[in-house]
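The letters A, B and C name the chains in turn, as written, and every chain counts its residues from 1.
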Amino acid sequence: MSLKQQLIDQVIEAWHSLQDKVPLVQCITNSVATNYTANILLAAGASPAMIDNPFETEAFTKISSALSINTGTPTTEQTQAMLISARTAQQQQTPWVLDPVGYGAVLRWRSETVDQLLNFKPNIIRANASEISTLAGNQTESKGVDSTLNSQDVYEQAKSLLQYSECIAISGESDFIISKQLNTVIQVNGGCYLQPKITATGCALGALTAAYHAVSTPTIAALASHIHFAIAGNLAYEHAQTVGSFNVAFLDYVHMLDDNLIRQYVDIELL
Amino acid sequence: MSLKQQLIDQVIEAWHSLQDKVPLVQCITNSVATNYTANILLAAGASPAMIDNPFETEAFTKISSALSINTGTPTTEQTQAMLISARTAQQQQTPWVLDPVGYGAVLRWRSETVDQLLNFKPNIIRANASEISTLAGNQTESKGVDSTLNSQDVYEQAKSLLQYSECIAISGESDFIISKQLNTVIQVNGGCYLQPKITATGCALGALTAAYHAVSTPTIAALASHIHFAIAGNLAYEHAQTVGSFNVAFLDYVHMLDDNLIRQYVDIELL
Amino acid sequence: MSLKQQLIDQVIEAWHSLQDKVPLVQCITNSVATNYTANILLAAGASPAMIDNPFETEAFTKISSALSINTGTPTTEQTQAMLISARTAQQQQTPWVLDPVGYGAVLRWRSETVDQLLNFKPNIIRANASEISTLAGNQTESKGVDSTLNSQDVYEQAKSLLQYSECIAISGESDFIISKQLNTVIQVNGGCYLQPKITATGCALGALTAAYHAVSTPTIAALASHIHFAIAGNLAYEHAQTVGSFNVAFLDYVHMLDDNLIRQYVDIELL
């Protein structure tokens, strides 16, 4: 069996495990994404909990199956919670995913928090191309929190980030997954041009990656979540071609995905 | 006329009062629920206002017709606001509803806040089965903010909570309402399995209970809000069987509910 | 060419500029509106970023094309961010829009913040009739954050606010736009009765006004955003007459608006 086929089989296995285990995923996320992220996790099969205060976060990370940290709209209290939870996750070997939203020269406060969070070795870093490039030490022009670079132009740069994390996932028109476990880069095709027109899809993808990591390895988790979103995006677009209706259909297909749909629609390449 | 029929008539009267009076409902709620809760209250006929800072909350509670407090994602400032508003509501005899999201041994900080809030005698406590059981003094295994217990297994335990509150409402596959005013427990049937797949439905139900309490007694308020959601859930599911579309249809039917639909679809039992 | 026709042409030009330039709009907004506002801005053609902490806001305002400040659910940190960003916007001549949600005697803390914000001369003030009337020095009865007055009854009062701002926009069943640049008041008709049944539509309208102001004058920006919402509301209502479905269709039409639809459906009067 080819490596590609093995990966697809493991993604399907991860999807089944997600349904069986309904892992508890702690999300420390931004004010834009919180409702949407919870709905995506519920639809996909996980159990989300948005515990983001510094007084409860250590105890909660200890009982969580995975942790997702997203720096979209940090407050002082959330920043404290992020650092406590990341440390706790590392100590407890709880899988955790970092989504360094807005990382760059302009938004220094959160970027310094991200630098500290990297010390707690996130198992997966998921971000857009601009954020990944900046994290990898390049100076990129930021335009707020949306990417100004293409994902395919930065995946070589991303390899340097494997010093911090076992797996790097870069979202874009195609997504790219780089991992210590594999000698190859995986390209995930699919999704639709309307997805970036809906706020917080990337943030929810980070949380879904954490959910999958509760039941699989970093590489398979990143691959499964990106395939999940790519297929749901394709099927939703067949159903609805306008942004509001697409958003509704996208949630429908995030929930309706199953092993048959994965096998039928998965589109990955090993580079 | 049977007690059951009397209760249904009073629910219909409460629904009419809600439409006539459009009560101002102050909500101190969590970051996941805030938009959804406001939309549910508007759709149902109330006027929501999410005033949750400690500098304004006393003055605002004084002009509000009801108060809803939900401990889903508390911040320090929100916690201060909760305590001030609960005290103010008790002093002013403003109806108020407590939704102790996440109450339990793991999330101690909020649970201590809930313990303090109980001193201000919420008129209604609305929660899921795990939270009610823990509030009633039992040790339950928590899985984040979702219940691990069935509502029908805990309503006997809930009776002890009548020392704090006039009415206890427990949501689940069927809902159970316990009240000082009645010698019977009321079971509310309806809704659909997709409702727990949408985040913040329970939170919005707590706020809707507060809205109804602005225009009726605690028992009728709890009964009306749970019937409102149960029927809207049933009708929405007839219209849409996938989670995203169901969510849209649910809001439609929360808005379209009227006395005829209540009479036609209400399904309650006196235990 | 009549003034009315000139204005419509400039609105269409502004819409094209918005699509071409995709301006970065910083939003400091409330917890109810954040997700909805971001989705509206994305659908309309802008690039939103909800940067609302005091540690990053000065640097971010400096790179933003426009700033939107909304006082719906202020926290201490957000309030600090508002004051820093407003000052920065004034210094840098970055267009900025103030939406003084809840302004009035009851909610004093935010109202004092609004008073301070006025010193930084917002280019546009956008609000409902109650807020505008109170800002203009009248004592109005507040009912939370929803208006108790009609927009057509207060536009004369609003003229006194031109001491603070170049343009005042009052939303309601019809909207009214008052500007230093014009000797006339512009009335914008359209929209539908379901819009106030959806939370945060006014808040999102304020942010969209800021987005248009990144590419046009205050008068045209206010006119364009209000026409954008009025037409999208009309077309959405033709498509969907229930509140949940209308909300989805509204986002669809905010995205699908184009020059032909503006010409076909625009309904303004010069008073």
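Methods note: a residue touches a chain if its C-beta (ideal position, glycine included) is under 8 Å from a C-beta of that chain, and two chains touch if they have at least 3 such contacts.
Everything numeric in this text was worked out from a predicted model, so none of it was measured.
Arrangement of the chains shown, judged by which pairs touch: all-to-all, with no pair of chains left without contact. Where the sister copies chain A and chain C meet, the same residue numbers recur on both sides for under half of the interface positions. One copy, chain A, sits rotated relative to the other, chain B; on C-alpha atoms the angle is 120 degrees to the nearest 5.
Note: centroid distance chain A to chain C, computed from Cα atoms, is 33 Å. The set of chain C residues that touch two or more partner chains comprises 31, 35, 75, 247-248.
The residues of chain C lying in touch with chain B in their complex are 30-33, 35-36, 72-76, 102, 106-110, 142-146, 196-200, 242-245, 247-248.
By the touch criterion stated above, chain C contacts chain A in their complex at residues 24, 26, 31, 34-35, 38-39, 42-43, 47-53, 55-56, 59-60, 63-64, 75, 77, 247-252, 255-256.
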